[in-house]
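Note that subunit A is present in both complexes that follow, paired respectively with subunit B and with subunit C.
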Partner chain A sequence: MFIGTTIYALINTAILALMAIGFNLTFGISGIANFAYGALYVLAAYGVWMMLNLLHLPYLIAVVAAVILNLILGALIYRFVLIRVRGQGISEVIATFGIGLAVLEMFSYFGWVGFEYTLPVLIDRSYIIAGTYVDMQRIIILVFSIFLILGLWFFTHHTSIGLAFRGIAQDERTALTFGIDSDWIATLSISLGAGLAALAALFIIPLGSISPGEGYDVLIKALAVCIIGGLGSTGGVVMASFIVGFAERFTDTYIGSHWTMIVSLAAILIVLIVKPSGLFGKQKELEERI
Partner chain B sequence: MKKRKERIDRGIKVRSTDIFALSSWREMIYLALPRLLPIVGCLMLPIVLGVYWQKVLLSVAVFALLAISWDILAQTGMVSLGQALFFGVGAYCAGVLNHYWGVSPFITIPVAAIAGGLICTLFLLPVLRLRGIYFSMVTLIIPIMLVRIIEATKIFGGTEGLSGMTPLPSKWVEIYLIMGVLLTVLFCFRRMLDSDYGLVLKGISDNDRSVINAGINIYWFKVQSLFIAGSIGAFSGAFMTHVYMFVGMPVFVLDYSILPIAAAVVGGPGTLAGATLGAFLLVPMSEALRGFGGLRIVLYGVFLVVFIVALPEGIFHYIQRKYHQFERWVEVEK
Partner chain C sequence: MSDTQLLKVDNLSKSFGGVRALHHVSFDLKPGELLGVIGPNGSGKTTLVNLITRFVKPTSGTVWFKGKKISHLPPYKIVRLGVARTFQMVKPFYNLPAFKNMIISLYSPRMKQLAGGRYGDRDAVALDLLEEVGFERDAHVAYKLAGALPQGYLKRLELAKAIALEPDLFILDELFSGLSLAEVASIVPIIEKMRIAGKAIIMIEHRLKELFRIADRVIVMNYGEKIADGTSKDVMESEAVKSAYLGTEAD
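Here is the complex of A and B:
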């Protein structure tokens, strides 16, 4: 039981990191807390579902189309809404929250909830590892999130756009003098965040089903992980995913599934009391945030 | 030929507000009308309206109080996305006092307002040292997690909730109690925000570092603002508990978080009157749209985005400007 729980805790960690990484990327670069993140996640899932079941497109095309659609949508949100309230934290939060709310409640108004609203798993197979059943999808998630995080690290440290991201994150004005267009970078950051939300949905949704409630859940989990890890730090996200992921699984197994949320809440409150800027938060320092 | 819009204060505004020498009925009415209108309106409406719309008026007032509480927090630089926390904590305080010890509503409501404010302040104390966005995030999370905690631990009736509260003596007591509190809160806290104390609160949201530089402990002021907002929210929760004679997990639903924000944003943040106006517009509208069910919240979301982008000052400021100033197009000088 202990080994099984550990394996599932590892997978839970990967899921949490996958959920939080997009939100974290957007915030780390442009300082915009994208509260429409959960809605974008659900939107991508419903998008793929519609393309598969209503338009009968092949899986690969549907997936690529959904990710591109989310990328465009993220950019549009910045270009048409956020650009007008840029720099006003309150308005940014309210505007993105309003967008997210409208999208999620629209889906729940349609009543698209149920077991038929789910996405296919990539490979339908399962293995027994150390006496525990683990299906292929969960293993894929684990591997994929490791690659994604490494890929993001490579992207932000060794490509010119990635370096521009970090430049804006460190000091917007100095970055401007180097000819980095901060509006363009902010557009890209939201767009990429939305794209990562779509990717996360594609991998995680097959484990359950699509529902608007999932959107709120994802937003809250992403927020929890980001707060514990320190907003805008990738290392913090990984660390916090480990803490929350393991804490959730172990309370689930040994205490009861109702208590998992309480553990997360307690973790948030304790971290905020002990170390207000998060475990790896560099909110108070002028250091890089990616 | 380029033109620009020029805004100039009306003569009557200059005469009646700056010089303080009222010489005609017209000037006195000009000054008194904006104050008397809401007072008379709030006191007369319950008599004019039918039974159904009286109930709507109750929830208008409750949401107006929540919107005012949101606005006070927002003025201090803390954007709350979970007014349901204040509402719910107040509701449970009153509910528990009344259900287990049978305390009369006239004691539970004030006690719940104070205790609820204290509990909410304690809950959010860890977040106060952080700026802006963290506060929003934690306030968004806490009400949702409290629901799960009540579900898990089965305290206070668990998923069933507590029912059979003592109702208030009559519907007139109900409606005039909440109207009286709404008017008092509106005018008193508007005055507070205009005073030096309010200036400090606004300073914290504008530039907290310069307020620290002035030798003011901003955390103490944030705690006070949080307590004030929490108490107002908790009062409305406690009041609703006795109106519905029930308290349960629905007190933490999203409606109580979203509608107040939408009301404050639509009405115009920063004046409290705007928040009240917003509630008086949005709640009856949402009541009229009851047939559409969940689509109401979609509408709030759209309102939020449209108003934040297109009319960030809100309706109240717009009306205020029209009332005090006239506009004309003038040529741009070379």
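Here is the complex of A and C:
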């Protein structure tokens, strides 16, 4: 039981990291907390579902189109809405939360909820690992999540362009001094975050079904991971995903599933009391961001 | 404006709420000219820099650069036209080696413009530029973390980042402040070299002696107004300057 719980805790960690990485990337680059993130996640899932079931497009085309649509949508949200309230943190939150709310509630209103709204798994197979049943989709999520985060980390820490990007992210004054349009960087940050939300949905939704509730759920989980890890830090996301991922699964197995949610919330509370900037948060000067 | 002018500042004003930080300031700058800007603390020197580079929006007035009106452009576009600035307070990336601090400059759109998108090995370019501003290559200073460098090197790093943009106008805000006499003496030749290369330079300075020696012309600010404009000698002897600086020149 211990090994099985550990395996599922690892998978849970990967899922949480995948859910949070886009939200975190946006914040790390431009300091914008995109509360429409959950809606963008759900929107991409419904988008793929429609392309598959109504337009009968091939799977690959549908997912590529959904990711591109999310990239564009993210950029539009910045260019048409956020640009006008840029720099006013509360207004940014209200604007993005409002957009998210409108999208999710619209899906609820039209009754797009039910088991038929789901996405196909990539490979329909499963294995017994150390006596524990694990399906291929979860293994793929684990592997993809590791590669995505390592890739992002490598890009931002070991390529010159990534370093330049991080530098700009840390300091708007520097960006402007060297002729870089900081609005363009912010557009890119929301756009990339939205693209990552789509990717996360494509991998994670096949484990369940699409519903507006998923949007709220993803937003809350992304927030939890970012609050615990420290907004904007990749290391923080990984660390926090481990903490929440393991705490949830082990509570589920050894204490009872109705305690699961309490454990994550308790973790948030403890972190907020002990170190409000999160484990890897900004308290250290010029902490590695993104 | 006549085409012998590189920069024309016309009636520039800025108020922050009730504070009149800059009041109807006008001057011209020719290509290759070194203009010093002096004045007591809070007299509006940094505000002038911020208005020219548009980091701060003017309340009124116009700035022209190379015959083009720039006072309505965002800062990043002004940089791309060839205006580079350094800051009074340097903010390097302390956790990166000095030469890696150059990357944002070397990846900037201005760089892409100049090099047609092909720039080759940026690390090598960074090391060359740093050598130019006095990072001794043999001592491998460029590889040290910026956080481990003394102030004199950080100011030179700041200068190298500006040089990398290959601007036609440098605006240097108190480059010499916080430096020892020896450090200032080591930076002066770099500035002379920039002048020989035909660059126009605006230097905001509190170090009057060093500035007067290299400036072609000096303007004096007091309470947001320009109170004198002339050669170093004229300005040094002017009564307005003496009274503005009374008691503050003692550094």
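By our rule, the second predicted complex is superposed on the first by the 277 of 290 C-alpha atoms of A that agree within 3 Å, B and C clash if a C-alpha of one lies under 4 Å from a C-alpha of the other, contacts with A are read in each partner's own complex, and residues count from 1 in each chain.
Going forward, a contact is a pair of C-beta atoms (placed from the backbone, for glycine too) under 8 Å apart; a residue touches a chain by one contact, two chains touch by 3 or more.
All values reported here derive from a predicted model rather than from experimental measurement.
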{"item": "Which superposed partner A:181 touches (first subunit B, second subunit C, both, neither)", "value": "second"}
{"item": "Contacts of A:258 with subunit B and subunit C, given as first, second, both or neither", "value": "first"}
{"item": "First (subunit B), second (subunit C), both or neither touched by A:224", "value": "first"}
{"item": "First (subunit B), second (subunit C), both or neither touched by A:158", "value": "neither"}
{"item": "Comparing the two partners subunit B and subunit C, which touches a greater set of residues in subunit A", "value": "B"}
{"item": "Contacts of A:167 with subunit B and subunit C, given as first, second, both or neither", "value": "second"}
{"item": "Subunit B/subunit C common contact set on subunit A", "value": "none"}
{"item": "For the subunit B and subunit A complex, residues of the former touching the latter", "value": "74, 79, 81, 126-127, 129-130, 132-134, 136-138, 140-142, 144-145, 148-149, 151-153, 258, 261, 265, 292-295, 297-298, 300-305, 308-309, 312"}
{"item": "Contact footprint of subunit B on subunit A as seen in their complex", "value": "27, 33, 35, 81, 84-85, 89-91, 93-95, 97-103, 105-106, 108-109, 216, 219-220, 223-224, 226-227, 231, 256, 258-259, 261-262, 264-265, 268-269, 272-273, 276-277, 283"}
{"item": "Subunit A - residues contacting subunit C, complex", "value": "160-161, 163-164, 167-168, 170-171, 173-182, 285-286, 288"}
{"item": "Subunit A partner contacts - residues on subunit C that touch it in the complex", "value": "55, 74-77, 79-80, 84-85, 87, 91, 93-96, 100, 103-110, 122-123, 161, 165"}
